[in-house]
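Some structures to go through are shown next.
In the two complexes that follow, subunit A is the common piece, with subunit B as its partner first and subunit C second.
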Partner chain A sequence: MYETNYHRASSVQEAVKLISGAAEGKYLAGGMTLIATMKQRLAAPSDLVDLRHIAEMKGITVNGRSVRIGAATTHHDVASSVELEAVCPAICALASHIGDPHVRHMGTIGGSIANNDPAADYPAAMLALDATIVTNSREIAAADFFTGLFETALNDDEIITAIAFEAPAKAAYRKFPNPASRYAMTGVFVARRDNGDVRVAVTGAGSNGVFRHQGMESALAGNWSPDAVGNVSVDASDLMTDLHASAAYRANLIKVMTKRAVAAA
Partner chain B sequence: MAKITMTVNGRQVSGTCDDRTLLVHFIRENLGLTGTHVGCDTSQCGACVIHMDGLSVKSCSILAVQAAGSSITTIEGLAKDGELHPVQAAFKAHHGLQCGFCTPGMVMTAVDMIARHGSGLDEATVRYELEGNICRCTGYHNIVKAILAAAAEMGGARQAAE
Partner chain C sequence: MGVEGIGARVARKEDKRFLTGKGRYTDDMSVPGMKYAIFVRSPHAHAKIRSIDATAAKEMPGVIDVLDGRQLTADGIGNLICGWMIHSKDGSPMKMGAWRPLADQTVRYVGDAVAVVVADSVDEARDAAEAVVVDYELLPVVTDPVKAMADGQPQLHPEAPNNLIFDWQLGDAAATDAAIAAAAHVTEVKIFNNRLSPNPMEPRAALGIYDSGDDHYTCYTTSQNPHLARLVMSAFYNVAPENKLRVIAPDVGGGFGSKIYIYPEEIVCLWASKRTGVPVKWTCDRTEAFLTDAHGRDHISTAKMAFDSSNRITALKVDTIANLGAYMSLFSSCVPTYLYATLLSGQYDIPAIHANVRTVYTNTAPVDAYRGAGRPEATYLLERTMETAARELGISPAELRRINFIRSFPHQTPVIMNYDAGDYEASLNAAMGAADWNGFADRKAEAERRGMKRGIGMSCYIEACGLAPSSAVGSLGAGVGLWESAEVRVNAVGTIEVMTGSHSHGQGHETTFAQLVADRFGVPIDSVNIVHGDTDKVQMGMGTYGSRSGAVGMSAVVKALDKVEAKAKKIAAHLMEADESDIVIENGELKVAGTDKSVPWFQMALAAYTAHNLPSGMEPGLKEGAFYDPSNFTFPAGCYICEVEVDPDTGRTEIVQFVAADDFGNIINPMIVEGQVHGGLAQGIGQALLEGVHYDPDSGQLLTASYMDYAMPRADDLPSFKVSTSNTPCPNNPLGVKGCGEAGAIGSPPALINAITDAIGNNTLTMPATPEKVWAAAHAAN
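Let's look at the complex of A and B:
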């Protein structure tokens, strides 16, 4: 790892101030992606601003069906939140399948979303839940937030402070985990609102990152059942091929994971 | 350079290290506690697992400065008055180790798992929760047995491994 300077912020305001004074600063949340990348010398921030001790960025509030999750809330805390489980068990289940217990004790929802790894789990939930990404300066709709592989709408030094969404009537996430890393080789989050609106978001498969599958959405809006998925065609031309799976294999996984998710919702 | 203070195995310790020093290196080199191991550089093997403020974490993926002010338990902190911790004793009794390299991380993981699940701990959960710990020797069966036996002895598990 290259040299770096560590700073600990105790408020959002202080974090922004600390990073604006740095040559090439980066926010540090759980570090489960960033420290690993720094160890491999793929990242070399001059300064790190630790967000883990900012109380206003932690915790989960549920008000009726309105959910707000602080960006520095760990995967473990999302997975084990009783309040959240009562309105949106799908997101708790998703968090409980990220990595392993030790990664879940450190990794945060804000870090995962800011990183926008094309195989990460949370981005699919954000899109399907029509979530709002709250930052220190504005609110961004999930639909506008994930802009490409490891790319987001965040400006330099912008901080995610929370994510917010309305819990849907039904939702579930199913992923086909890579057997070694547990990242999604394909993961599908489905959500259905009381007004019949359906969203299907796919991670781990698209060559441009997380995306919604319109074909699945209209089929499921007409008939909310795993059988509705069978005849939907999935175009493999925009899907990833890598050492883990071909695009055609991923196209099939999208169908299978959507079926499983609808069955579980 | 940073001067940091933390509580390790119940004792307050201070030391000076680079901001980039990993917690595992601080523990091994500054504190001389070499029970915590490094088995990979990809955050995957779990040989480095310790407890930070009561939760299992991978000390190879945390900077020592991040841990400043926290309370750390390492494998050296488990045995009390020369008596093995029940999880350590169970690993010995059930042959949950061969070379022993992964064992400190496995034991720290097991202690955390038993603390979180208590009586809900069953074999499927143990296997699922061992996702972040790799053992190249034992084939895991005896590790699972040891953890279930320890959980039972500690009043946790519903049924012990036979």
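Let's look at the complex of A and C:
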């Protein structure tokens, strides 16, 4: 790792100030990707501004079916929130399967979303839950937020402070892990609202990152059952091929994981 | 056996320090003035070095010096060698290209070391290494061994046209071909044995200390065989004469074969210490380990097995291409030859066998022994072929094996080995019983109702370990003898030190070797210390690999104990005025049989050292040494049965049951043996299901250079193993022991692949059986 200056911000305002004073600053929101990248000398920020200790960015509030999760909330806290479990157990289950216990106690929901790793779990949840990404300057719909591999709508130095969503009537996430990294080789988050609106978001498979599968959504809107998935065709041409899985196999996994998620929801 | 003697389930003495973080590994060593080395490595798989410019690097903070291959060559440091000569079938010697510890003209794989930076800190050395400018002229790359042999492909070494190192054969080709031509049935199988990265928990490390006052070198290193390291560095690499070179391998966190070899880094640390005048330490990081630790396996083979009308095997013909990577590592040549083709008879009476093996250079990391070393490759080939044959012949896999088992011993195979003892049917029956083989059909039907495909597969392995009779391996090309040494030193207070040439890097020698002493003299194992891993403390020894520490290393201890016992009895007889033939040793006392006279062990030891009252003419002291050269290999064997459930929708395999029934001969510590089997099974299952080294075929870049892409087995990939042992004692060593370190890794891959192919009804499947491959195979026609 190259030398870097570590700063611990105690407020969003202070974090912004610290980053604007840095030559090549980076926000640190758990560091589960960034620190590993720095250790390999593939990233060399002059300054790290740690967001994990900003009180206003931590914690989970559930109001009726309205959920707000502070961006600096760890995966462990999401996984073990009783309030959240009562309205949206799917996101708790998702968080409980991210990485290992160490990662879950360090990594945060904001960090994961801001990084937008194409194999991360949370982006699929954000899209399927139609979440709002709240930053220090605006609110961004999840549909507009994830713009490509490791790309988001965030401006330089913009901080995600929270995410918010209305808990759906039914939701579930199923992932098929990469045998080596245990990241999602394909993960599918399904959500159905009382008005019949269905969302199916896929992570780990798209060559341009997380995406919604319209075919699955319309089939499931007509018939919310695992059987509805059977005849939906999944186009492999926009899917990733890598050492571990071909696009055709990922296309199969999208169907299987969707089916299983619907069955579990 | 006593509570701590042979056969006792004694908790490992060494685990206290390992589990409490008190182990002392090479990287824990620190000496005054010590500096740190970082290697500049080739980012290219094949290139000429036009120039190396370290001017800027040398000016960077904390940098002591930057050294390159030209200086190393100028100082007369020799090439790394392969120490086992193999001759091709045309009589020509193997074609070994030069391997420089620091490449001075050409780099041949990604990770090849070209220079070393020595600096005050690791980070400063790393910064400076990035500032070393190496001008490369890129050359075309070949990573596939079949392609590498074709005309017009990149040539790695001028000595080896078409990259062919040797084209070797074993067995009777004419008899084999004739038997195949006359066969009632021939099963033909293509076998791919995947390349593996060894992944010991502790990465390699070296600390080179040059003392200009005595012109003496000390090397702390992660070695399985420090004496061999000293011998090779002295005799071949011109680092220093043996009496000026001390090699210490302290606690070593796993080796699996990869720490047998002498690598460029320890040579360079010693040389750099003299060049710079400071002690130089290097510790490998995980990426470097993936790039530069010697890999294992990587065979492409075809097998033809011939049967007569009563399903007896009449012949086996094997053609194998083994990828040895960019350079010939220390024992690379013997792994795909004498550790492989000699095991192709398996547990079966096969009248005619012929194997042809070609070894090939490619632009990949060197390949050498990895847990099992040749024997897993032989077992996988044979047991996949047997399973395939059973399916083709329409008889049960167990029945086909029973028909062909060797049943009388000794048994001379057509491929050198002379099996001394075994009862293969006993292991088969034990495994089938433990696995409830007969209940499988019901379990399969039940799984079917849940939408799962259940399969069962077996593997009957044999291995040759306890390497090895020196004259035999010498006649086959080995550059060293494979005996072992021991010295037993009884102190004046009766405590005992055992100096062994074996090296423990996870095997538990500090416990099992002490159990031998406890068993013999009735003293507590806490009064016995096992000393190993230091060429200044321990007499010449050959180290630990090939499951040899029990059969060979312990046998040397037994020989030394015999001598100690004889002298102790003489002393005791003299003290008690008895006849030495009446002395028995029990519970820490030397007694006169049939009387109440006795002398405590410590009093006898004290008498040996005070020398006030010894038998006339006896030398004082009590210390005896022995060298033991085995008269044969030992032949552990067993039967493994694996049961899986495959999810047809995803191709995911779950191992629902794994049974191992092994015959290791007599057992010193059953708990340690079980641990060895568990670890071996985990590695074998890793190979079959998860692990595989992949290079980009065009660039030669290593694609699996981290745990993000190299899949290691984890606890949740493995079932609870059902292990058991049976015992036909080895007749060729004093303890009747065989060897258990490699069996799990040798026997398990074919059992798993046989089970998966049984589940999916498609026999075409290569390791690692990733979910995608299994899914594709399950949905393809057989």
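The working rule: the second predicted complex is superposed on the first by the 265 of 265 C-alpha atoms of A that agree within 3 Å, B and C clash if a C-alpha of one lies under 4 Å from a C-alpha of the other, contacts with A are read in each partner's own complex, and residues count from 1 in each chain.
In this text, a contact is a pair of C-beta atoms (placed from the backbone, for glycine too) under 8 Å apart; a residue touches a chain by one contact, two chains touch by 3 or more.
As the structure is a computational prediction, the values presented were derived from the model and not from experiment.
> Contact-wise, after the overlay, does A:His76 reach subunit B, subunit C, both or neither (first, second, both, neither)?
Touch status of A:His76: first partner only.
> Touch test for A:Thr4: subunit B only (first), subunit C only (second), both, or neither?
Touch status of A:Thr4: first partner only.
> Give one of first, second, both or neither to describe whether A:Gly31 is in contact with subunit B, with subunit C, with both, or with none.
A:Gly31: touches subunit B, not subunit C.
> Scan A:Gln40 for contacts with subunit B and subunit C and give back first, second, both or neither.
Both: A:Gln40 reaches subunit B and subunit C.
> Regarding the shared-chain residue A:His105, is it in contact with subunit B (first), subunit C (second), both, or neither?
first
> Mind working out whether A:Leu253 is in touch with subunit B, subunit C, both or neither, as first, second, both or neither?
second
> Can A:Ser181 be said to touch subunit B (first), subunit C (second), both, or neither?
A:Ser181 contacts both subunit B and subunit C.
> Quick one: name whichever of subunit B and subunit C touches more residues of subunit A.
In the superposed model, B touches more residues of subunit A.
> Can you give me the overlap between the subunit B contact set and the subunit C contact set on subunit A?
Common interface on subunit A, subunit B vs subunit C: 1-3, 40, 180-181.
> Quick check: in the complex, which residue numbers of subunit C touch subunit A?
Touch residues, subunit C against subunit A: 123, 126-127, 130, 287, 649-652, 689-690, 694, 703-704, 707-712, 770-772, 775-776.
> Which positions of subunit B touch subunit A when the two form their complex?
Subunit B residues touching subunit A: 2, 18-20, 22, 41-44, 46, 49, 52, 55-58, 61-63, 65-66, 68, 109, 112-113, 129, 131-133.
> Which stretch or stretches of subunit A touch subunit C in the complex?
Interface residues on subunit A, with respect to subunit C: 1-3, 40-41, 176, 178-181, 183, 243-246, 249, 252-253, 256.
> Provide the residue numbers of subunit A that touch subunit B in the complex, in ascending order.
Within the complex, subunit A contacts subunit B at residues 1-6, 8, 28, 31-32, 35-36, 38-40, 48, 50, 52, 76, 99-103, 105-106, 180-182.
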